[in-house]
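What follows is a set of notes on a single structure, which appears directly below.
Every chain is named by a letter (A, B, C and D) in the order it is written, and numbering of its residues begins at 1.
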Amino acid sequence: MSDKRRSLREAIAEQVHDGDTIALGLALESGIPFAAVHEIIRQQRRDLTLVGPISDMAFDQMIAAGTVAKVIAAWVGNVAGGSGYGFRRAYEQGQPRRIVMEDHSNFSVGLALKAAAMGLPFLPTFTGLGGDIVRGHPRIRPVDDPFGGPTLLAVGALRPDIAIVHVQRADPQGNAHLWGNLGLTVEAAYAARRTIVICEEVVPEAVIRSDPNRTVIPGFLVTALVEEPGGALPSSVQGYWRRDFAPFLAYHQLSRTLDGFQSWLREWVLDLPDRPAYLRHMGEAAVERLRVTDRRLAAEANFAP
Amino acid sequence: MTSRYTRRELMVVAAAREIRDHEVVFVGMRLPLLGFGLAKATHAPDAVGLFENGVIRDRPAEAFIYTMGDPPNIVGAVACLGLLDVMSLLQQGRVDVGFIGGAEVDPLGNLNTTRTSSSGALVRLPGSGGAGDIASLAGRTVLIMEHQPRRFRERVDYVTSPGHFPGRRRGGPATLITTLGVFDLSSGRVRAASLHPGVTPQQVREATGFPIAIDDHTPATATPSADELAYIRHADPEGFWTGDSMKTG
Amino acid sequence: MSDKRRSLREAIAEQVHDGDTIALGLALESGIPFAAVHEIIRQQRRDLTLVGPISDMAFDQMIAAGTVAKVIAAWVGNVAGGSGYGFRRAYEQGQPRRIVMEDHSNFSVGLALKAAAMGLPFLPTFTGLGGDIVRGHPRIRPVDDPFGGPTLLAVGALRPDIAIVHVQRADPQGNAHLWGNLGLTVEAAYAARRTIVICEEVVPEAVIRSDPNRTVIPGFLVTALVEEPGGALPSSVQGYWRRDFAPFLAYHQLSRTLDGFQSWLREWVLDLPDRPAYLRHMGEAAVERLRVTDRRLAAEANFAP
Amino acid sequence: MTSRYTRRELMVVAAAREIRDHEVVFVGMRLPLLGFGLAKATHAPDAVGLFENGVIRDRPAEAFIYTMGDPPNIVGAVACLGLLDVMSLLQQGRVDVGFIGGAEVDPLGNLNTTRTSSSGALVRLPGSGGAGDIASLAGRTVLIMEHQPRRFRERVDYVTSPGHFPGRRRGGPATLITTLGVFDLSSGRVRAASLHPGVTPQQVREATGFPIAIDDHTPATATPSADELAYIRHADPEGFWTGDSMKTG
């Protein structure tokens, strides 16, 4: 089988292009691929469309760095602090550039990805009726129930060029085990033309095959596999990393001003070559405080035939 | 006797009282999460809680959580599904009550968390998250708000989470819990059900940007019992969510 | 929490009524709840509508026993032998009674259940276009794509009165762990008004909570929990029971004639009070040959926070 | 030299040759499953196999399986998903080729596995299973049939698995592998691509219930190599699927 391993720099360089539609932050507050977000900023991608449910701080950073032309999401901000100031500056003042916002609810953005994952032009729903999100929405239209029930809303399929997901482990072909929060990870990986899987550890295929029900993304959907331990920090990874709250609050404070954001950007993105350097910059003590060392193992599941 | 408590502790108790035993609850973070835990610990031991990220719990997390995605919220969950799985259960009508909040509310219970020009300039807010879905699809919704004139508006600028509207299939706002009182929204009008101890009708009217019915016999919101306070302070030991300068009672 | 444990006899008596629509055999060839099938026959339910993808021998037995008025399925027969003679006699000659057949493909019957699971009146699909299954189908109608694409088919929601599923383990509240084949198990449990979970073992809730991603059916959807080890035999249960091939072939031979079926029915259903008696009638040696004793455990998954 | 082989072994080899490397294959049971394993072992090491019950494998099961749900088919799978997950991938266009069989076929490649009156009385067949979905949605389909006049009909009684039809979105029957030969269906007509060794055009015409184009230069189906036979006999040691009285070659 083909080995899909790449460095994060290679994976972003090969697979993320200017103007691409990128789904990330799909598990909501956990497993956000911040290392990839920062590498995309370092590689100066432009005119990206970002897709996700609640993006936490990641979308705000990419918007404030000027990489984003459009956002398709249910919530953009900073879960710890509320508002995303980078998002607000772009939306309210066009700083550093104007962005187009396609507002969704978590359900509707999920259905848009699910429709693409199912190979359908749309999926019907009742969510949003009576509200302003769906009024004049470019991706949501009324659809009649052919069985005579009340009119529903059709959410049009959204097919990202690429999905970037962070998981606990994968084999060299990209067969990926993910546990804990799933959110919209599976739907996005199925829907996207290309999928980059970033994992805490690449494991022998026997580990993945020992529990095929844990494989949320089959390798044949994966176009690049990156082993990047701690690549989701400061967000959490079940069984591997605790959430680091301080950086969310610090970013929230700093990003109130453009200067503050620029200083954050230099210190944590532009002046660092890669994620290992980011972890060194955090300091070993800080990293070790976040590393999960306890064990609460899943109960045995016997697959013997 | 009741010990001293904060307005937010009072709101948690009011939120808990909105949950009946055996109900399936779409739980938010902050006060509703504490309210769910308090209800479980008191009158609703068999209530089940759903989180929009796919987590299903029948008891609160063992450790304090800042977001629903925090690892302690997965540990001990009865199930950890996908977002669309819990949204499907919500759309199917399996969720009895959901809690939502917003930056602005109007008399129909419409909530705005998307954008507002109430203060003049356009302000972009984070957006719906799962709130619009809960407002659309839950059996009933409980709204939780800071009670301020600029937040209580005749008509919100943008309806992120729909309140009462003609042709609604199901549910809609039932109760509004604010920093000043508890209000009944089930009729599509705002009627004071109780005012928090020490709050006058006049204060409420001044803090509300639209006419509001407060009859003279409106009771005071029941104050937290010692056990209720003990639970809340165990669950939020630093007062991260329930701390409040204005001590009362 | 309420304890949902019942004996299989109690669960069928309380929850399965004449005229009910029952989904079972949802994991396809494995985990077929034969013990429940036989108990339903013993309790002489009538006018049932059966729902499932490929039912293997279970639907044939219920049809031949006269319990069934209608079948909604993609395939009815005996995977080991092909044709289901009980099904054929009922469909071709009305013996022991006429049945109505609602033909589906695996995908379309799955979408019908999924639509109900999602609280929707229908789901769109492209499957079946150009074929006879969908022509004049009572549950499948054309639906336009509101975004201007080609016309699709809408598969109408199918909400069973009850789903009966066999899993490896569950806690007393019915939170159920299932691994190996899933098929349409989850969709049916979400869609059904009531769900009976039959498990190999009831385990302490700590076992289930140690791996919430393995919980395919949350307990609040479960109306009865039955501990019935070997309740799926002769079908397999991953990690617990091998498939027993002989009974499928023997039934295939015997059921060619009505007399043959009646003799099978007496020996394996009517003359046995319950599943433990069925296992005794198989003989300890036969049962032990089928019991999985090897261990091929799923790789560790650490959920520590 | 080629050792003796059965018609079914020949068909397995022909099936394997329909699979290209790196393709995603919707695998059936019996001969297609053996063909998938043979292709993996020879010219298509990176092919991936999907099963309609949700199993995804990149190599055949270690032990002989009678049904795709047998426990050995789960052991060592790369993924075990739900039925709708693999059907979604199929509908999305991620599946290059699928194998299906039937009781009756017609020149358009329509397959009937639902009901027939070809022999006079109505006979109810088991139905579609996943075959109708594969026929509708795969990038191309390969049909495998017993070659008998009553099965090869001008028009099948019931189209369970649609063949070529106007307005088809994608795919359709590409190849028909029978007990007598290999036929090209890609044009919407049946054209002999090869006849099995020892089979005459006359035999084929007599066994086919409709006119069929067999040009005089139609080659003989390539015979199994020793390695191919070795693989097949390792995978089906008892000849459960490939055994055949008529020895040839």
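In this text, a contact is a pair of C-beta atoms (placed from the backbone, for glycine too) under 8 Å apart; a residue touches a chain by one contact, two chains touch by 3 or more.
What you see is a predicted model; the values in this text were computed from it and never measured.
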| item | value |
| --- | --- |
| Partner chains shared by subunit A and subunit D (touch criterion as defined above) | C |
| Interface with more contacting C-beta pairs, comparing A-B to B-C | A-B |
| Mean-CA-position distance for subunit D and subunit B (Å) | 59 |
| Separation of mean Cα positions, subunit B and subunit A [Å, integer] | 28 |
| Interchain centroid distance [CA atoms averaged], subunit A/subunit C, Å | 37 |
| Between subunit B and subunit C, centroid-to-centroid distance (C-alpha), Å | 41 |
| Multi-chain contact sites of subunit C, meaning residues that touch two or more partners | 119-120, 125-126, 179-180, 182, 208, 213, 238-239, 242, 292, 296, 303-305 |
| Sequence positions of subunit B contacting 2 or more other chains | 55, 70-71, 74-75, 80-81, 90-91, 137 |
| Category of the chain touch graph - line, ring, star, complete, other | other |
| Pairwise chain contacts under the document criterion | A-B, A-C, A-D, B-C, C-D |
| Touch list for subunit B against partner subunit A, complex | 52-55, 66-71, 74-75, 80-84, 87, 90-91, 110, 114, 121-133, 135-137, 158-162, 165, 167-169 |
| Subunit A - residues contacting subunit C, complex | 119-126, 141-147, 149, 152, 154, 156, 168, 177, 179-180, 182, 203, 207-208, 210-211, 213-214, 238-240, 242, 292-305 |
| Residue ranges of subunit B in contact with subunit C within the complex | 24, 45-46, 48, 55-56, 58, 63, 70-72, 74-81, 85, 88-94, 137 |
| In the complex, subunit A residues that touch subunit B | 27-30, 53-54, 73-77, 79-80, 82-84, 87-88, 91-92, 101, 103-108, 110-111, 114, 125-133, 150, 179-187, 235-236, 238-239, 242-243, 245, 292, 296 |
| Contact footprint of subunit B on subunit C as seen in their complex | 1-2, 116-120, 173, 175, 190, 205, 208-209, 212-213, 215, 218-221, 303-305 |
